[in-house]
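Chain nomenclature is as follows: A, B, C and D, assigned in order of appearance, with residue numbering initiated at 1 for each chain independently.
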Amino acid sequence: MPQPRDIAVIVGSLRKDSFNRKTAQALATLSPAHLQLEIVGIGDLPLYDQDLDPDSPPAPWVAFRERVRRADGVLFVTPEYNRSIPGVLKNAIDVGSRPYGKSAWEKKPGAVVSVTPGALGAFGANHHLRQACVFLDMPMMPQPEAYLSGAGDFFAEDGAIKDPSLEKLLRRFMTAFADWVEMIHRGRDALASDQHPG
Amino acid sequence: MPQPRDIAVIVGSLRKDSFNRKTAQALATLSPAHLQLEIVGIGDLPLYDQDLDPDSPPAPWVAFRERVRRADGVLFVTPEYNRSIPGVLKNAIDVGSRPYGKSAWEKKPGAVVSVTPGALGAFGANHHLRQACVFLDMPMMPQPEAYLSGAGDFFAEDGAIKDPSLEKLLRRFMTAFADWVEMIHRGRDALASDQHPG
Amino acid sequence: MPQPRDIAVIVGSLRKDSFNRKTAQALATLSPAHLQLEIVGIGDLPLYDQDLDPDSPPAPWVAFRERVRRADGVLFVTPEYNRSIPGVLKNAIDVGSRPYGKSAWEKKPGAVVSVTPGALGAFGANHHLRQACVFLDMPMMPQPEAYLSGAGDFFAEDGAIKDPSLEKLLRRFMTAFADWVEMIHRGRDALASDQHPG
Amino acid sequence: MPQPRDIAVIVGSLRKDSFNRKTAQALATLSPAHLQLEIVGIGDLPLYDQDLDPDSPPAPWVAFRERVRRADGVLFVTPEYNRSIPGVLKNAIDVGSRPYGKSAWEKKPGAVVSVTPGALGAFGANHHLRQACVFLDMPMMPQPEAYLSGAGDFFAEDGAIKDPSLEKLLRRFMTAFADWVEMIHRGRDALASDQHPG
């Protein structure tokens, strides 16, 4: 079995019964066991203000940055607000990216699942997020893409996924993501070993 | 002279000495006089959380929505954070767009100026913002586009624009925006008068 | 009744039985009568090559540019190829935008309908196209957006729309577009009349 | 020394003296020796038309697909036309992506250099291209990004890069791309060897 990998899960909605939060929780149960998913809260992060960096960052910024920095990979689960990334998620990205030169996101393999009760799979959020991740130097898994529409019907009372074909799709997504994380880390190890042979 | 038009100016950075804030202030002085520009603060808006709508919106949300709703047009002045809209600006957009069906942005003619001390004109923010404005039903001025690079050299001590050619460009931008706002309002009036002749 | 408006319809697929072509034809029958829609072919446009401009443009480029230039508005009906605008449509846009300073698209009010047999409404094509139209100085109708999924089931043998609710949606879209075109032209007329009173 | 890697270079402009073509040629001379760059022509590809697939694809489509399929990686060098990918480049992408299920691009590690005589680094082309590459399942190198502005001043008579700091930047880009290609291939090998031990 592959070594454990710590995955920071960032959920783009603060709503208590958020479909995105429930999807994130379902993904955690459907993931290969060596991926250890933890939802990292973003609701208490003050709005990013550069005047506070680097001398007086609010405590929640510091804790968030440290938590993300520890991760072996990042999974974003996000709704679309107004055809783009929710402000609350973008704020978390901005906070994690600073201070300049000390981004917590750097080089983390990542993936995105976009989720909506509507019809268009939150496509706009999915791809705006990917554009930000280019700058963050995060290798993002291209396929399988995951655009989940109709989230109002996904969950049973206990949070389980009702539709077996959706469950299968999510399971396959997490397997692919586990492979992606592994491929990036193993590839880097191989490269480092070439360049600095023991 | 055309009738006065109230323009809400939304600045996408909270930094006290923000190049964007200074640019917004310069734009106000260079604008045709019948456009009345006012910077509407967004730094005190709590992160959007749908659980608070429509029953218990924080007071700053309510005030922000009312202020935007009164405006005859909206001017965004924004930096780029991580190749997209700053979270703080996207949060303001999300707050103003809700509760569902009661967006404060609806039908406001708008424009965007993107400003960066760097080299690429904050292009990523400019166009992600435009994508959001499609959903918000805001007719956005297409040309002139305004991508302002090298903002570190823009301002004299007193906030005036140092480079006359930049000043001219900003003045022309504001004239074009005034025409855009006027064209949309006049066009709507003409249409309404066709459909409901007195 | 408003005066006649000539609308150039650009269909982003060359396939003979293209869902987009059929949708464009349906839109023509569902449009307010004063909008006169004509599909302008793009399949014979040689790939854009700047070496041919302005001295030796291929005849199809010249004809296309003249046809677009005559129009009072432009309606794009497009599929999504690889999460973006089809190359064939982007080529037509590029051809029409040149030679430098003589774009045929300039100031035409426009709208986009994106159509797919798949599930995500061809969202990627819709918004990449809108980004190009900013540069082209085309005021694009923001709402209603039209993302049409499941196009495999849209049409009866004779090309009519089978689903009455879809027919109603398309009819409303065309009414809104007619208003958009009218609003832009009437607004411009009012502005011009202010600035150059007779 | 790492094993040779065959890199298909796709240039997004047909102009004979294209800055993009010259940049591609310069990149080939500045690349680590084990990357073997070859510019693959796209100017003779007929506009994509699904009716021709899979039964009667034009010969240039077939040759292009075979050439791309052989590559170990893909380097795009592209201008921006109208804030997006040139139609000629998007057409090549579309041709290579078909017939359905047989994309020639699949899983190729890739990178993009965007080049403009203007000021904004062809940002719009760079990121629209990246969005397409998500669908194509191409792992795209996130950093270093390469937005090259002011291309009118890049080249000496013999095509060499005049500015040493630009030459250094391009050399570093190619070294980073070589590492990216190697990392992806080595990571995949490691993964495959885990899953199917000999």
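The working rule: contacts are C-beta pairs under 8 Å (C-beta built on N, C-alpha and C of every residue); 3 or more make two chains touch, one makes a residue touch a chain.
This one's a predicted model, so the numbers in the text were calculated from it and none came from an experiment.
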| item | value |
| --- | --- |
| Comparison of A-C and B-C by number of C-beta pairs in contact, larger one | B-C |
| Per Cα centroids, the chain farthest from chain A | C |
| Euclidean distance of C-alpha centroids - chain C vs chain D, Å | 30 |
| Whole-Å gap between the CA centroids of chain A and chain C | 37 |
| Chain B and chain C: spacing of chain centres that average the CA atoms, whole Å | 28 |
| Junction residues of chain C, two or more chains touched | 83, 124, 127, 131, 134-136 |
| Interface residues, chain A side, partner chain B - complex | 13-16, 43, 45, 47-51, 81-95, 97, 124, 128, 131-132, 134-136 |
| Footprint of chain B on chain C - complex, ascending | 2, 127, 130-131, 133-140, 142-143, 145, 179, 182-191, 194 |
| Of all residues in chain D, those that touch chain B in their complex | 83, 119-121, 123-124, 127, 147, 149 |
